[in-house]
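You will see two complexes here that share chain A, one where it goes with chain B and one where it goes with chain C.
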Partner chain A sequence: MTESAILYDSSKCSACKGCQVQCKQWNMLPSSMVKDGYESTGSYQSMADLNGDTRLLIEFREKDTPAGVEWAFSRRACFHCTEPACMDVCPVGAISRLDDGTVKLDSSKCVGCKYCTAACPFSVPKYRENFGVSNKCTLCDDRVAKGIEPACVKTCPAAAIFYGPRTEMLTKGKARVAELKVAGFNKAELYGETQMGGMHSLFVAKFGFEAHGLIRDPKKPDIVTLMSIIKPLTGLGIAAIVGGLGISFLSSIGYTRDGLTEELETADEAAKEEK
Partner chain B sequence: MTRYIQRHSLLKRWIHGIHMVATLVLIASGAVVFIPVVGRAVGSDVVQMVRIAHRVFAVVFIGGPLVGLIVAPKGFVHIMKNLFAKWDDDDKLFMKKFPRYMFAPKTTHMPPQHEVKSGQRLSDGLLLFAAALIAVTGVVLWAGQFVSPEVFRVALLLHDVAFALVVLIMCAHIYLGAGIFQPYRGLARLMLGNGRVTEEEARYHWGHWADEELASGKNVIEE
Partner chain C sequence: MKDGPLTEHYEPFESPAKNLINGGQSTPNLTFGSAKSVKPSDPKKYPIVCTTYRMTEHWQTGGMTRNIPWLAEAMPKMFVEMSLELAKEKGIANGDQVRVFNDRGDIEMMAMVTPRFKPFTIDGKTVHQVGMPWHWGYASGYATGAIANDLTPNVGDANSSIPEYKAYLVNVEKA
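The block that comes next holds the complex of A and B.
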């Protein structure tokens, strides 16, 4: 099956947050109905980070320049890595990689252990307290299965989000980066081509990765690798101990204590005799 | 008529029993999450029930010894004193001979010991450390939504390390403590029975301690 991907172009994004709203609407994820229910971020950004009810967040990064405020917008959501650390640590197999590259979290299987959040280098999966499960973007796999594009793509009025075969999205993204460079945005680059084995949510970073809050060289946390080593080592350790104790047991069969106590050699007594 | 020495009090045996049950349930339920193949095989509903049971027994695991500490603080001090008691020549000789004893008990004579054998002091110390580590990291994992992913990550790794330690130590602890190892046959009743040891067994296992107890006569029972 052809791998698919989303392409987000920060240079075209107007930060209208339509994608954020549509994501919530399609996936029936509520927002706080309380006035000032989210702590102020000091900008137009809705909330500080993703949460259990928010799979997609448009981030605002401001910089004062002589010409006025300069914005670096970011679409924060799951990157759908080819080597997803979240999937590796899930103890119940609730996270799987679909044939088209989507990394899906099946909330009906999730037990809410939060291991995925800890393993993800971007801390994307978030715990949904009311339901006791983790939550993250599924690339609208339900829509895609019916031949409809993801909700955020469908709604974007600025045509800043695209969806299609990953190879096409890569070509499109690279072409856009080249255009931006010609236009004077020398730091423009495409995120997701190689990171974490290749992502299925690509990002045209108009001002460079760092300006948009993207980790240049994300890696699975070392702790996740260590955990994967500890498990088989524990198994080997148990096998060795049980095997050793088994041999010990066989060698002790028929043991009798008669007469042993009288023959005991005491180190303390031996030391006294020597003196 | 047989002479016995009362080695463990009723309170100590109860706390050991409760802690033993909690530990075994925690190991079994922890294994369901620790071994992903098992978790995936039994399905998320079972895993969810197991996780709830894991938390209930975690409370018992942490609370049991704390109750013991509050009810009998002197007993706790006594355990700690034994744990950190200075090693004499017999203690060192015991450890030197122990590997050979495990595989050739019929021809290995062990030196007399104090109330807690030197080998058991090492094992108990390590077990206490692992138990404390698994308890603290377990509480952090339970409070997962209130800690940062970095802290959660470290707690998860250390919980796994402590789990491995506890399981490995428990294998040896059960083998010796339950008397599967033939020279230790019958010792299970010390913690799981009436807590008494016969004079003969006491002299064999803890010679120095038996001499002191028999001389003082405080805990000696004749039946």
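The block that comes next holds the complex of A and C.
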């Protein structure tokens, strides 16, 4: 199966948050219903970060430059890495990579240990308090399986989010970066081509990675690499323990402890005498 | 056209600037200009230009959109945007609760200090501008807030009586 990807173009995005709301609607993720119970970020941004009920967030960053104000928008959601750190650390195998490159979190298997949140260089998976599981973008695999584009792509009124074969999206993204450079946005870059082994959510960063809050060179935390060594070792250790116990059991068949039977009899007799 | 055969420039009903284009200051054909409830703001007392606008998350006064949790969460709070320069002058930090007022009203909301707002230089003087959305109210909804139209003048343009809610005068202070 060919690999698919989302392409987000921050230079076309109007930051209307349509994708943010549509994501919640399609995936049936609620917002608080406490009157005036929402946090405020002091900017147009809805909340400080993703949360258990929010898989996609439009972020606002602004910088005053001599050439004018750089208002950088970012679509914060799972990047669907080819080498996902979250998948490596998941102790129950709830996170898997689908054929099209989507990194899927199966909430029915998730035990809510939050290892994925800690391992992800972008802290994308978030713990969903009332369900006791982690939550993150699924790239709308349910829609994609039916041949429909993801909900955020479908709803974008500015045509700033695209979905299609990854090779096509890469070409499209690179062409847009070249266009932006000609238009005078010298720092324009495409995010996700090589990062974390190649991402399945690409990002045209109009003002450069830093301006959009993207990590230039994301790396799996060392502990994740360590875990990939420790995991098979632990497996071996457990096998050795279970095997050892097995051998111990087999070798002890027919063994009776000296004196044990007599002691029991004595105890029984003593009890009779008391009566 | 009630205010002349050709389009003409007039300053808003309340303006810190003089109309240099023609003899008139504001249009003589304002529809509610003489109503008592207007209480025009004196530019000396209220030197800051205020404007109102909409956000994509809400519609009109939010009667519907503030009752939808997804949308209320997307843009939860009434705010007033102002330049870094004005905020410094008034001792206001981003996220502070501020009071915006004129003779017609007095409302409190969160300050959003941003470089997207810049002071103007008009006739050699620095004139500040603030801006606020008007989607909030107290009657219903998951997100409530101050009502921008408590401050706006009820004057209408000569031809269609469209209220002049996009340009009027206020003052700002830390609440």
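We take it that the second predicted complex is superposed on the first by the 220 of 275 C-alpha atoms of A that agree within 3 Å, B and C clash if a C-alpha of one lies under 4 Å from a C-alpha of the other, contacts with A are read in each partner's own complex, and residues count from 1 in each chain.
In this section, a residue touches a chain if its C-beta (ideal position, glycine included) is under 8 Å from a C-beta of that chain, and two chains touch if they have at least 3 such contacts.
Note that the structure is a prediction, hence the values are computed from the model and not measured.
Contact with chain B, but none with chain C, is seen for A:Gly237 once the two complexes are overlaid on the shared chain. In the superposed model, A:Ala211 lies in contact with neither chain B nor chain C. A count of residues in chain A touched by chain B and by chain C gives the higher number to B. Once the two complexes are laid over each other on the shared chain, residue contacts for A:Asp36 go to chain C alone; chain B is not touched. Contacts of A:Leu170 after superposition on the shared chain: neither chain B nor chain C is touched. After overlaying the two complexes on the shared chain, residue contacts for A:Ile148 are found with neither chain B nor chain C. Of the two partner chains placed around the shared chain by superposition, chain B is the only one that A:Leu245 touches, whereas chain C remains out of contact. By the document's definition of touching, of the two partners only chain C reaches A:Lys17; chain B does not. On chain A, the positions that touch chain C within their shared complex are 14, 16-18, 20-21, 24-25, 30-40, 42-44, 46-47, 62-64, 69, 71.
Interface residues of chain C, counted against chain A in their complex, comprise 55-57, 69-77, 79, 84, 94-95, 110, 112, 114-116, 141-144.
The residues of chain A lying in touch with chain B in their complex are 90-94, 108-111, 113-115, 117-120, 123, 127, 129, 221, 223-224, 226-227, 230-231, 233-234, 237-238, 241-242, 244-245, 247-249, 251-257, 260-261, 263-268, 271.
Those residues of chain B lying in contact with chain A across their complex are 32-36, 39-40, 43-44, 47-48, 51, 88-90, 92-93, 102-106, 109-112, 144-145, 149, 152-154, 156-157, 160-161, 163-164, 167-168, 171-172, 175, 180-183, 200, 203-204, 207.
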